[in-house]
Amino acid sequence: MSDADLTADKFREECGVFGVFGHPDAAKLTALGLHALQHRGQEAAGILSYDGEHFHAERRMGLVGDHFSRESVINRLPGKMAIGHNRYSTSGETALRNVQPFFADLSIGGIAVAHNGNLTNATSLRDRLVDKGSIFHSTSDTETIVHLVATSGFTSVNDRIIEALHQVEGAYSLLALTKKKLVGVRDPLGVRPLVLGIYDGCYMLASETCAFDIIGAQFVRDVEPGEMVVINEDGITSLHPFPKQRSRFCVFEYVYFARPDSMVEGFSVTDAREAIGRELAREVPADADVVVPVPDSGVPAALGFAQESGLPFKFGIIRSHYVGRTFIQPTDHTRQAGVRMKHNANRAVLDGKRIVLVDDSIVRGTTSMKIVQMVRDAGAKEVHMRIASPPTKDCCYYGVNTPERKKLLAARHSVDEMAKIIGVDSLGYVSLDGLYRAVGKDGRNNAQPQFCDGCFSGEYPTSLTDISGGDDRRQLSLLSEQYNAAE
Amino acid sequence: MSDADLTADKFREECGVFGVFGHPDAAKLTALGLHALQHRGQEAAGILSYDGEHFHAERRMGLVGDHFSRESVINRLPGKMAIGHNRYSTSGETALRNVQPFFADLSIGGIAVAHNGNLTNATSLRDRLVDKGSIFHSTSDTETIVHLVATSGFTSVNDRIIEALHQVEGAYSLLALTKKKLVGVRDPLGVRPLVLGIYDGCYMLASETCAFDIIGAQFVRDVEPGEMVVINEDGITSLHPFPKQRSRFCVFEYVYFARPDSMVEGFSVTDAREAIGRELAREVPADADVVVPVPDSGVPAALGFAQESGLPFKFGIIRSHYVGRTFIQPTDHTRQAGVRMKHNANRAVLDGKRIVLVDDSIVRGTTSMKIVQMVRDAGAKEVHMRIASPPTKDCCYYGVNTPERKKLLAARHSVDEMAKIIGVDSLGYVSLDGLYRAVGKDGRNNAQPQFCDGCFSGEYPTSLTDISGGDDRRQLSLLSEQYNAAE
Amino acid sequence: MSDADLTADKFREECGVFGVFGHPDAAKLTALGLHALQHRGQEAAGILSYDGEHFHAERRMGLVGDHFSRESVINRLPGKMAIGHNRYSTSGETALRNVQPFFADLSIGGIAVAHNGNLTNATSLRDRLVDKGSIFHSTSDTETIVHLVATSGFTSVNDRIIEALHQVEGAYSLLALTKKKLVGVRDPLGVRPLVLGIYDGCYMLASETCAFDIIGAQFVRDVEPGEMVVINEDGITSLHPFPKQRSRFCVFEYVYFARPDSMVEGFSVTDAREAIGRELAREVPADADVVVPVPDSGVPAALGFAQESGLPFKFGIIRSHYVGRTFIQPTDHTRQAGVRMKHNANRAVLDGKRIVLVDDSIVRGTTSMKIVQMVRDAGAKEVHMRIASPPTKDCCYYGVNTPERKKLLAARHSVDEMAKIIGVDSLGYVSLDGLYRAVGKDGRNNAQPQFCDGCFSGEYPTSLTDISGGDDRRQLSLLSEQYNAAE
Amino acid sequence: MSDADLTADKFREECGVFGVFGHPDAAKLTALGLHALQHRGQEAAGILSYDGEHFHAERRMGLVGDHFSRESVINRLPGKMAIGHNRYSTSGETALRNVQPFFADLSIGGIAVAHNGNLTNATSLRDRLVDKGSIFHSTSDTETIVHLVATSGFTSVNDRIIEALHQVEGAYSLLALTKKKLVGVRDPLGVRPLVLGIYDGCYMLASETCAFDIIGAQFVRDVEPGEMVVINEDGITSLHPFPKQRSRFCVFEYVYFARPDSMVEGFSVTDAREAIGRELAREVPADADVVVPVPDSGVPAALGFAQESGLPFKFGIIRSHYVGRTFIQPTDHTRQAGVRMKHNANRAVLDGKRIVLVDDSIVRGTTSMKIVQMVRDAGAKEVHMRIASPPTKDCCYYGVNTPERKKLLAARHSVDEMAKIIGVDSLGYVSLDGLYRAVGKDGRNNAQPQFCDGCFSGEYPTSLTDISGGDDRRQLSLLSEQYNAAE
């Protein structure tokens, strides 16, 4: 058993966005906002500002705090308007040229664009644009939007953006910055979040409310699905350029993506997770001695489970604060013992006990197996695993990094089989209805589901133009097929 | 209110040590052990190995994982014997030349030394040595021990070490490595911890048992106060070169220093902290709605408080996983709002509630004030602070970094005054007797205290030769008074 | 008198190019070739290769040897075809996104382009392309060529390149690489050099022959003005897509730009410079004791002057081998003495002597003043300065970095005035006719000059579409006016 | 034929020293002085200053300009007194702990020491000191001097230094700095240089006069062999603590070590080298067409040879200005062609000619072989090599890095054999008498040689206590035998 990163085997949100209009500290506020949204993309970050004369951009690989905490970097981003972006991406496509925001120098002036989400027809659109002479510099779907805006025949930026977005399919919460305005758009289904805040009389847009809390800004409201807000010197205007549709917010934001202290679509994320834990205790109770969370994502649901079941809550697994590089391992192969860098079982809690082990989800199952083994090595008599979401059986095509379908444990096995593979005495999942109840619905409306739950149900709310069949589907990326550049 | 690092206002353990004899992966195991002991010293680390022909040393500023996780560094540390050291130190004395282990090339062969603790007569000894022509290269008390060993008239290493240690006063858990053996010594009072483990048939020594867990080694026993263990190819020998004394283990190791998953002097640290929380709930209960820990050090005591009081336990303060650099702040002075980089209040938990806020200790009080304000800003109706240790009224001279006495809030104010300063509705501390009870005693034996509790009681178990009176006492460091070198 | 960098006040060639087709070590050979061409661009370098499946590019700020000497970098550039580029550029436009070669992913496949020279209608062409929706990522004129190729209606790469080059004005020695071929084109006037070589049966193209010498390749011939060579698996083909014109090679390549060991247009650069020195001794002799070169560019002409005049040649100025960073200066203002970091007068040579001081050119004159003062401080009795080129009175718009016209000393002053400003007893320049004679002509044909000598004569061989009047003319760069990005 | 670094096969001076007393810019001046002395040690540098209260030291691997040009580094070296040191050392002993100046905190106050030279009984002294309990931290002989000073029974610094130096054998030009004074001592034979200068009313000491030129300081005089100068607030005092001996200055300083623009023992280095070239032309003339120097060290002698012989002087070998890293080589083994990174033959000069090739010395001969081959490849009809020193047949033990004796070509072969090995048509060396004549003597006084010429004659002016017999002799370094530390 080798070491386990407890977050290695999770779905991953791919992006966070932040924008502010009219504040002298625009870049600093954006840096802080992106830092608060770090959990939505830990691979790279970029900020772009406009100072009335010039656009300025800084894009860096690494965490926000690695670069954008420094005065030297922030000083290169003057101006009262800025947008920023956090990025996580699949391996092989990682390059600075892919880091948003993207900028283009159009005949009508400069424009910068960043978005959270994924377009499901980006490749088709791109092929058409290249045929006409557009040169792409990245493998990002965001650049497709920028080229659509660049080649639009309209003269106003708003019209160009609207024309571009009418051509795309998929999910996006998009920010655009021009010399005069900050624009925010949420796709018609509202799959990804986007919230509006105010600070010192200036409007700001962010993926989650925690980005407002970090600077003491006030949360105003969610941007609505299909809404386009335009913020300029005259204030804020709201456009609705798309036909009205029922919204399909991503239910997994409640399960794992959003920060526990964020308010999402009017709901506290912590409350939602504790409520899921209570549903779980009701739907799949366990005869046990103590409730132990898999840190940190399992903690609120474990508290909810403990409340509902009356069992004591204990930290039976300790997470190290000093994670980081992987150490080289002892070469000793005579022993099976793994190296416990990132967490350690707390024998005093586990020894001789029947444990309810609560986690938010199981993806490939590899990490779960290691945790269960570690808990058993520390003397647990029984291990009853409880999962605060339904089985994840399918991929996401809307800006979440998921393994190929065939690598998802729940796609290939029954719950009983999974229990055996993972090595637990029992395994229980919350139901889709239970999940919907925990976030305030009466249950799932199967005719018109209130959320996007494609990863649980396989039902996707948009067409998937670029997605050919097969278990190993990924987004196409034409450029990367023939070009690798270190930048 | 500016940002608060919740660990900035704490006492700090200054060192962790680890040593192994006879294993082909000696340096790797030492690196992992030091990583597990990272909480005992986060400023620098060093490892020294012997490969049968040469001694090899690597010393680096920064975390263990920053350097010693790399193959290139570990490969420069060949051999089956190694000792390592984690260091935290007071500002102004930070330099690579101060990073342990120290090495000296004696006429009887090389010797390396590292220790956890502090000598209270190091300066006096040093003056005497310099007079005779010894040249010091560091400001560390450890080098004093090395020079005592170097100038000893004895011919055996054991005798030289024993002669040296008979001259020193203070607390030390010391490791020494020669070409033939690994030596571990705990001072006669056993102030600092030192434990013995076994892995693949090889003995190892460490400050805490968590350093054994990380590699799957087995905990054998605590090294006894005043014991000198000598590990060589023939196995382990135990010497007792000092007159027998009653032990005075540092009680603060239970309160904050040791890792929650360590066993210390036969006691689970987690259990001790939960027990303190229960004592606290009994001694100073509160009429409130919810128990909220100050993360992370307040968590076990808060769970204990919640168990004993029957109040619900909730995470009302969320700690960010992405700490690190301090961001430059918005220059906006019109608002008092602080930037919440490292933690955030979870309004959904706190709003309208009467809160029991549990922390392990209050040092200067600056951080507590900020946390209380943050909790109130999030809507808390009442805040009742409960501290899982007695008031910290005095300095430590045994290897713990504490502020000058006059900066300790409890040294200058009554509990009532402190409650007002911090801004809480009530403030309660566990009693010294309650603390002793939580760790298995019947209460404090005031005639012959079972622990060192100098920081609470002002009673120190050794003479303090180098410690002149006054509130701003610090350890002397002759060299730094006239020499600054970047190395 | 402060320190003087003897190369700071020179015209600077802005680019060197190198390409190879069909060799398994394509990237290594390109790195070595670029290293030999380092004097043509010291700010950044890029190499792009194609391995039969993917294009690979590495672009770096700094010297070739700083990055491309490393195996790790070269290993990221597999394949048998590669082109590379050295770059020097004016301040403010320095960014990685400007480093060539440029790559575009066209509907007919990928293409990479790098060139040495400058287009004089790039801005006009760019405006037209942006209007139609092209997005530019750099401020380089090379990108204009790439967009012209991308938007061309032709289906073959050759036709697209030819169509693009028919639209541009200016000077260029251009390399293009596709999946199937390496293309080299010299502009119809042949302003900048481009030579063809062969190594191990593979053709290669380079700015100068010294790039062949470094790897032991054989020089074949100069690519002709207006010639387009196409190298593919079937060998080399030569096209002549432009109307025939008389060539106008840059005469300053002989004076300063080319390396002394290169053969340029059939002529040894060393021989040319010595011949200029001899012309100089004949045209403006001096009654003196010793000939001293300004190192290093004045050395060959000084040897020629010494040969012709019979005066002894001595190194009266020593150049330090350890240049690099500028040191902070002593703050002592009571003395005028400058710090002589980069060179030192050799008093034993100069003291009491009448000196002929030979340099290749005078640009602003600032460096010359310092050198003369240094020579006088070392005891020189008389200083007679002799310049191995005519007065540089005008800017270059063909890929050479020159100061604004008004900063050129010879643009504002007579030779006598310049002698006074510089502080010499006499000042003499070689004549334009003398310069032409030194490189094998009978003198300048004023009706149809055999070279481009715009910087001496103000006569430019192409139209200057983007060049508005005024003394402070520079190439326009639209993008940089509104966008700054650190990449 | 692989690439050749023309300075790789040379004897190497190991140290340069610089000190200043009483100037507010002490550290800056020292940095500049060390930069001018960079040729005497290119591996590491250190500066130590005293500001009236504290000593400050900075020691760095690399060139002076890499670190000490920066304000941030210089600002850490406040005070009006400073000494500095450049270091070159043999491989395996390279570590920051070996970088001078060395500092010790004695009972009578701090002292820093740096020296140029080598002690021939350092190991014996060291063994004695370790026996008494001294702990060494480096493998440098300088530390031996420091320990001798530390353990001296005298109370004054002067007396302690004198007592220490009476115990050592070998060559040294030593600087010491205390809180009150700057001390300079040259060994009784004056083997290594040390000069006294004045700047702004402050005295300074340096290895060569070029260190004064760089800052515009005035050269006062050479410190005499066996002289100890003491500079303090009252001015300069001169002591002569050793019995008077005839001096034995290192004659190789004239041949290669000293900078051409330095004055050494009253003689211009450039003049000396040109005079050697003239002697060479008289002693071993050649029937040839052109004189070509091996750059750069052969240039002055080649000019002298050309003057005396009447043959033209030409740069037939061009040295690249962009040296640095070694590039990875093409893997093509079918061709013998070497890569010419650092120099290139200038075919236009060499083709069809009979060449006199002038170099300063031949050590192993490896480089000479490559140069000759390169010259022949470029078409030279005949190659006549002339060396501006006698054959180097023996090692140096006085602070010059020389290969083991058995690797010296002249130690194993006659001049005729060497000519064949190197591949020249003829080979000629200047005689010892000719060398002595060129530097102003009437020839060598074999009874009492006026210089140290041990590397030519095998006659050493001091006893060689630590030097056991055998061809592979090196200085002992006890510590490095058992200890390797990265610092």
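Every chain is named by a letter (A, B, C and D) in the order it is written, and numbering of its residues begins at 1.
Criterion: a contact is a pair of C-beta atoms (placed from the backbone, for glycine too) under 8 Å apart; a residue touches a chain by one contact, two chains touch by 3 or more.
Quick caveat, the model's predicted, so the values are computed rather than measured.
**Student:** Equivalent interface to B-D, which of A-B, A-C or C-D, with over half of contact pairs matching by residue number?
**Tutor:** So the equivalent interface, with over half the same contact pairs, is A-C.
**Student:** How big is the gap, in whole Å, between where the Cα atoms of chain A centre and where those of chain B centre?
**Tutor:** 38
**Student:** Can you compute the centre-to-centre distance for chain B and chain C, using the mean CA position of each chain? Integer Å is fine.
**Tutor:** The answer is 63 Å.
**Student:** As a quick test, compute the distance in whole Å between the mean CA positions of chain A and chain C.
**Tutor:** For chain A versus chain C, the centre distance works out to 50 Å.
**Student:** Among the residues of chain C, pick out those that touch two or more other chains and give their numbers.
**Tutor:** As it turns out, chain C has no residue touching two or more other chains.
**Student:** Edges wherever two chains touch, nodes for the chains themselves; is that graph a line, a ring, a star, complete, or other here?
**Tutor:** Graph shape here is a ring: one loop, exactly two partners per chain.
**Student:** Which chains touch, pair by pair?
**Tutor:** Every pair of chains in contact is listed here: A-B, A-C, B-D, C-D.
**Student:** Okay, in this complex, where on chain B does chain D touch?
**Tutor:** Residue positions touching the partner: 53-59, 73, 76, 96-97, 103-107, 109-110, 130-137, 146-147, 150-152, 478-479, 481-487.
**Student:** Help me check something: in the complex, which residues belonging to chain C touch chain D?
**Tutor:** Going through chain C, the ones touching chain D are 24-25, 28-29, 31-32, 35-36, 38-39, 42, 63-66, 68-71, 74, 200, 210, 213-216, 259-261, 263, 268, 270-271, 296, 299-300, 303, 307, 312-315, 318, 320-332, 334-335, 337-341, 344-349.
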